[in-house]
Amino acid sequence: MHDDKERERPDRRPPDAMSAPRYMDIATFMRAPTVRDWSECDIAIVGVPYDGAVTNRPGARHGPREVRNASSMMRAIHPTTRTNPFERCRVRDGGDVPFRRLYELEAVHAEITEFFADLVRAEVVPLAVGGDHSITLPILRALASEAPMGLVHIDAHTDTWDEFMGSRYSHGAPFRRAVEEGLIDPRRTVQVGIRGAQNSTEGWDYSEATGMRVIFMDEVTRVGVESVGAEVRRVVGSEPVYLSFDIDSLDPAFAPGTGTPEVGGLTSREALTLLRAFEGLHFLGADVVEVAPPFDPGGSTALVAATVAYEILCLLAQACP
Amino acid sequence: MHDDKERERPDRRPPDAMSAPRYMDIATFMRAPTVRDWSECDIAIVGVPYDGAVTNRPGARHGPREVRNASSMMRAIHPTTRTNPFERCRVRDGGDVPFRRLYELEAVHAEITEFFADLVRAEVVPLAVGGDHSITLPILRALASEAPMGLVHIDAHTDTWDEFMGSRYSHGAPFRRAVEEGLIDPRRTVQVGIRGAQNSTEGWDYSEATGMRVIFMDEVTRVGVESVGAEVRRVVGSEPVYLSFDIDSLDPAFAPGTGTPEVGGLTSREALTLLRAFEGLHFLGADVVEVAPPFDPGGSTALVAATVAYEILCLLAQACP
Amino acid sequence: MHDDKERERPDRRPPDAMSAPRYMDIATFMRAPTVRDWSECDIAIVGVPYDGAVTNRPGARHGPREVRNASSMMRAIHPTTRTNPFERCRVRDGGDVPFRRLYELEAVHAEITEFFADLVRAEVVPLAVGGDHSITLPILRALASEAPMGLVHIDAHTDTWDEFMGSRYSHGAPFRRAVEEGLIDPRRTVQVGIRGAQNSTEGWDYSEATGMRVIFMDEVTRVGVESVGAEVRRVVGSEPVYLSFDIDSLDPAFAPGTGTPEVGGLTSREALTLLRAFEGLHFLGADVVEVAPPFDPGGSTALVAATVAYEILCLLAQACP
Amino acid sequence: MHDDKERERPDRRPPDAMSAPRYMDIATFMRAPTVRDWSECDIAIVGVPYDGAVTNRPGARHGPREVRNASSMMRAIHPTTRTNPFERCRVRDGGDVPFRRLYELEAVHAEITEFFADLVRAEVVPLAVGGDHSITLPILRALASEAPMGLVHIDAHTDTWDEFMGSRYSHGAPFRRAVEEGLIDPRRTVQVGIRGAQNSTEGWDYSEATGMRVIFMDEVTRVGVESVGAEVRRVVGSEPVYLSFDIDSLDPAFAPGTGTPEVGGLTSREALTLLRAFEGLHFLGADVVEVAPPFDPGGSTALVAATVAYEILCLLAQACP
Amino acid sequence: MHDDKERERPDRRPPDAMSAPRYMDIATFMRAPTVRDWSECDIAIVGVPYDGAVTNRPGARHGPREVRNASSMMRAIHPTTRTNPFERCRVRDGGDVPFRRLYELEAVHAEITEFFADLVRAEVVPLAVGGDHSITLPILRALASEAPMGLVHIDAHTDTWDEFMGSRYSHGAPFRRAVEEGLIDPRRTVQVGIRGAQNSTEGWDYSEATGMRVIFMDEVTRVGVESVGAEVRRVVGSEPVYLSFDIDSLDPAFAPGTGTPEVGGLTSREALTLLRAFEGLHFLGADVVEVAPPFDPGGSTALVAATVAYEILCLLAQACP
Amino acid sequence: MHDDKERERPDRRPPDAMSAPRYMDIATFMRAPTVRDWSECDIAIVGVPYDGAVTNRPGARHGPREVRNASSMMRAIHPTTRTNPFERCRVRDGGDVPFRRLYELEAVHAEITEFFADLVRAEVVPLAVGGDHSITLPILRALASEAPMGLVHIDAHTDTWDEFMGSRYSHGAPFRRAVEEGLIDPRRTVQVGIRGAQNSTEGWDYSEATGMRVIFMDEVTRVGVESVGAEVRRVVGSEPVYLSFDIDSLDPAFAPGTGTPEVGGLTSREALTLLRAFEGLHFLGADVVEVAPPFDPGGSTALVAATVAYEILCLLAQACP
């Protein structure tokens, strides 16, 4: 009889890559076991393969599949903190959000909220892998409780635009909607990496008018990511906060595979340094979005997204008992 | 003063590629002049950059742009018939269908119908370049008059499936809807190149139950494309007919850049031979759909689509006075 | 509570692609459930991610991962026979052969034999996805019983060469070793698709000297694949037989992603026609090998390999009760 | 009737990307209207699809086409200065320089001069998109009046070499010729980003001997681009100046698609910062050259070139009334 | 001391690929030794890295380098004839034609003629690897003696056009010039694979008017390549003949990497069958041209070109004593 | 007669790229002459096309071929030091290490040692191009004399891990073995660029426990590469030292084509600055390893590796008399 030890792995640990090559077997997020019962899980990495809200190039629906694939490259012990999130927490691959109504943007959003609400009820911390940035709004709805959350938002765009081509829910609008719905507190919101021309100043204006701290790339260049990290900590404080990482915050040299690339972004080294500065913040959940594999021929964007997801996992794992 | 002779070309003729290299200048369909007034035009090649109805890989929204680009390679005089469609007719690039409501499938379809209805009123013959296959339904609505049209449908799939994930208008359904709406006559409909496994026989069954002539790839292999051409002529007869060419009818070796590739399809040589067999049929319009450039790294799919479009243009040009 | 219906699927059926998009969720072979207990399984699709025996370009170790990925495109009901292998049999993804000693060719082969011997004991029919062609020898060892099997071998090369660079077990040698070890009966062996120059005639000579029926590509061209199919049936008869499909039997236009491509091979349509001619043969097992994703930028080789695997699955499923 | 509002756009403004997706319609430079009469235009973006003067890899003839394509991603309002060049000036796509004698380097140069002389006579400021770097010489000839211009030259190479393989007009020589012909003033010339080994010091020597300020990459690294920007301003002063941006000034990680890549170049962020430091200089014209799309599989070089062109457009637009 | 046996190979034989992996060492054509003295050589494979005469996409200058690279895959003994050209003849890599004046088309042609004239004087049979098709004219000049040669010309285009953009020597013109110069006899010339639209019938008309046998692709499809082979033999007879193989004769699915691809061409299997039909013809020399590696991302065009070159080598080797 | 001046080049100088285009002729390392007799050579650049010891993605066996190809882009005179290594020393392409037993890791290592021992006996300084990192161990064995060498090791990984999947000689272990065998002195060893998570701290611990100076990427970021250069000089001093450069020390944006990429690495500009800081160190030999062309579609990794090899060549050339 075959007992499939490879896939029924012991709790709290990914397979030991010193004894199993990383190109082997079925690709789950970071080679984590899949979960069948949320109660067996502390942190669930969940795919949200939806890109119906983009304004430009589609393809992010294929993001979860390819980030899973690339994340086989990840390993357990962090090189600077030496923490091992797989030891601290029960990390699981929670599968993809299953959709039933694919062609209606708001119906899809409702299905996403419903899925993540299950996790929240089970006290599982979600790490979502998109999908386009519109998916963050329904995740925030699932996480929302009495008080609006803080938000750390790493992106080339503020995503606080209003209606686009007849919809208020495109991937350029989630954080405007989140403020309006009381899901996030704009005064505890910081947006890092903003750049690129726009055809109207509407989004920039909204962010600033509502009190968000918007850190354009030229400020990042001027003060350096360490200072930016400190500023982020100052803005969000110690109250609950959500982390949303749009892969287009990175320069296209580091992350070409995305729908709306903007030249002049973060290097991946700056991104890692920045994320490491968030240690100890009170994260309720997080996402990595806008990985569009059809525009990522060499797979480097999926790899950097998997690495970003690993760094975020280490941040989320601090909260495990 | 600059009078821009290159772009304001004399009527009825593309630029002479023996005196202007083909990589030059702004890419319009087959280097045709753009049109500003439908009355100056006999045949309009129109882009329909929409892929919101796919069931699998998106990207066909980028099809018109890349087919335009590749179509610079096309030239005027047909190698076997020696006809020159640009001499016979005023062939124009009609631009892309402008969308106002991008996120609602049925609203988009309505906008497509509205655009093509303008052409029809001006007695312009449309050659549409998709976009996903769902766009054929609204084009057929624009072309419809009292009697249902015949249909020549070259494709790997019958596209007569019913509802998918909550919608009756996915790219797997246009011809079922077209029969239901009385736009096409199933007994004057022929589907060529059908293949690939399915999870239900629903679509195959519908096509056959309504009297469509379904020519699976194994029949094509067995009888040869010349016989298939004759059979197509027999089925559609001399009455008005629409031609819909899904690029996934070709084998992925010839057309990898498509959303739902199926192994075992037509060669491009078979496709050209088949199209040439349609000379003299009474075409009201045509389309080439499902070119998805993000999955077409070398651009070969866009090139074969441009070549198919040129062959169809020659068929449509027969009707010019 | 989350009960993960998507992944704990009802027996004997892949997920219904009419209600779940094919790009979603963790990629298993043909979206089949993974197996934990061989007794719950009739046919196991197993990855053998090993390419340490190649003589030229490596990369086939990544084959199982990418064939899994591409196989999400497969569906259940065969377009010509209308059979559904997932209805007939319990088809499962059996995971990858786990290796413990990666750097010793013969040790790896022993581990492969051990893994497949488990399946054989459980009366599971194996469909292996390689990996380089050397993996077929240890699989044959696992399947061997008193009488040598017949062999249907589709390939550009006879793979009956002898020692290469100090080893008798390179991917050019498995069928020479299999004859020597009494695993296959050369008089019930047929090799189809052989072509390409060689630096010695050793392999061709061995195949012919031992009585194998070697069908070079020029014979395939001359007589057609239907005749070849009949000849294969004649040679192998109704006794037990193994089917080994090297993806390099296909022309590089159809399958560029392989380690030793040879120009002038089968089209994928010919390959499907040939496989369908094998209906009713008494297959004990089968493999699809030599898919090397690093040389397959567009993924077309993985797609055609998945399609070939689906066709073979239909052949194997005939034997299910 | 169809009045084509999309393409007949109101003056001084590109289409509003908040209401028209950027992948749509025929690709002109930055979605600007095409021009038919130079008098309707303040700034013309012009393609110069010529690469017959390269010393190594060709392909820059395809540059204008692909930069047009990528430039659809550009938008109007600058993120740091908040200026909108499309509001300030009538920006137009001036088409490509039409060639009549393609195989004679000096004849081609004469045709380029003739074309740009028309623009200059109409007081249109040219922004050329190459093409190889040899095209700058004939543009400078068209712009030349009594006094030599200053030159801001961003490049990996000084392009002040002499004869190569029998010609004095290769893309390694334009600025040597420009000094000799009195078109530029070497003492008001600054070359930024120079690096890479050479087989002779001829070019470096010429630049320094004639008084050009040559800023090698190691100096850039040492002092930072802000200081470099100040130095550029100091050298060129307030008199008329031309800006020539060779995309190979960027590191190959940021701009792989070029004919003569040199490792160790500028990041795109440094390039943007540098360009922004040139605000207020007295530019007569500018170019972006050496984008070679055949070596740019993911299109990232065309995107960064479009972004550089947008930044330069903002600099040129300062001069509009 | 190191005696470099690998590279100083024994005469008349490539390295034994059964004992040396094919990815190793410096890439010469078919791993043949380089030659220093033409008298040590029967057949020289020579690179002609020139693409200055193309009318569309450049890149064929990189052809010799990549065909060398791919030709490491070739081996010695032909699969159907069992002949070994390396045993019959001293086959050598003759290096590339060295150019001194790169920017003048006619000067380059003169240098090519000069180089090949040396070979001819030494009674070496040349097999040239291009480079664009313009290189055939200067090679024919070097081979010419009293009587015009016959010509077997496999191509998508007749290459008998006249002046293009000011030159009579573009890659669309070599065979018109060759007839005019008395180098080839049009009545002993056969052109196979012609297809694709044209903007004028000039070339087709010239070929037919001078008595060339032009076999369009539709005739190839209708009669099959075996009949075409017989027709070629009938036309060229037993007198001296030159063989020119343009890789664009193949369909873009088989050979995407070329400057002027035309959909609907030969399969590589047809090409091999056709070439094998030429056994025994009296070849004075041959070429394989128009391989443009920048448009050949997967390298498949270089591989098929190397295979075609190997087949031609077998034809040329028949003449060795 | 043909005297092949192109390939029989005058001593001490690569071909003058101002008079010979760089894409021409057979690709040797940096266009250097091949060597037949080690006594005619001061520095030999040698390919070691072996990747049988990788733990993840293979392909580095193709490294030497592609680095040769890309190195045609290199030129002679260094832009900052103005030294010309080809003038100082007789630099030669020493070909590839010929293997006889390809499938046994330790046998291959023995063959590498044997080859390099020949060079050492002839007092030739070796610059090896891998191949995976396991090849450094057998090279060190060839170079070893009475005293252990110092080591400058630029890499993402310490490569001081122990056994992996049954072998002590994987590419993760060479420097642990080298310490154990007394080949290198850990107190004169410095490892720069270390980063990425691990599944055990074994390697990091070993490096630190034995006294190696391990400079993680976060330290590099903090202190800058100039300081790192000084620290390297301090650690290794003036005694003999070996330089091993793993291309994965670079960030994947700069060097995607490698088997075990780690996000967050050096830029190529930092790498060049770092190497230039090593001027005057007493190098006995060096290598550049882990270039895996199948994962390097645009060839940028081969180009940066060739550039790194050129910089190292300049360092090695200081020792020439």
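Note that the chains are named A, B, C, D, E and F in the order they appear, and that numbering of residues resets to 1 at the start of each chain.
Everything that follows uses one rule, which is that contacts are C-beta pairs under 8 Å (C-beta built on N, C-alpha and C of every residue); 3 or more make two chains touch, one makes a residue touch a chain.
Keep in mind the model is a prediction, meaning the values are calculated, not measured.
Undergrad: Any chance you could name the chains that touch chain A and chain B both?
TA: For chain A paired with chain B, the chains in contact with each are C, D, in label order.
Undergrad: Name whichever of B-C, A-B or C-F reuses the B-E interface, so over half of the contact pairs are the same residue numbers.
TA: Checking each pair in B-C, A-B or C-F, only one repeats B-E, namely B-C.
Undergrad: Between chain A and chain F, what's the gap in Å when you average each chain's C-alpha atoms?
TA: So the centroids are 38 Å from each other.
Undergrad: Measuring centre to centre with CA averages, how many angstrom lie between chain A and chain E?
TA: Distance between chain centres, rounded to whole Å: 55 Å.
Undergrad: Please work out the Cα centroid separation of chain A and chain C, and write it as a whole number of Å.
TA: Measuring from centre to centre gives 39 Å for this pair.
Undergrad: Among the residues of chain E, pick out those that touch two or more other chains and give their numbers.
TA: As it turns out, chain E has residues touching two or more other chains at 19, 21, 23, 57, 61-62, 99-100, 102, 164-165, 251, 253, 267, 295, 297-298.
Undergrad: What pattern do the touching chains form: line, ring, star, complete or other?
TA: other
Undergrad: Spell out all pairs of chains that touch, sorted by label.
TA: A-B, A-C, A-D, A-F, B-C, B-D, B-E, C-E, C-F, D-E, D-F, E-F
Undergrad: Going by the contact rule set out above, which residues of chain B touch chain E in the complex?
TA: 14, 16-19, 21-23, 73-80, 82, 251, 253-254, 267-269, 272-273, 297-298, 300, 303-304, 307, 310
Undergrad: Give the list of chain A residues in touch with chain D in this complex.
TA: Listed in rising order, the residues are 55-57, 161, 164-165, 194-202, 204, 216-218, 221, 251-253, 256, 260-261, 263-265, 267, 295-298.
Undergrad: Help me check something: in the complex, which residues belonging to chain C touch chain A?
TA: 1-8, 19-21, 23-28, 34-39, 47, 49, 61-62, 64-65, 68-69, 93-96, 98-100, 102, 118-119, 122, 297
Undergrad: Where on chain F is chain C touching in the complex?
TA: Contacts found on chain F: 51-53, 57-59, 61-62, 99-105, 107, 164-167, 169-170, 294-295, 297.
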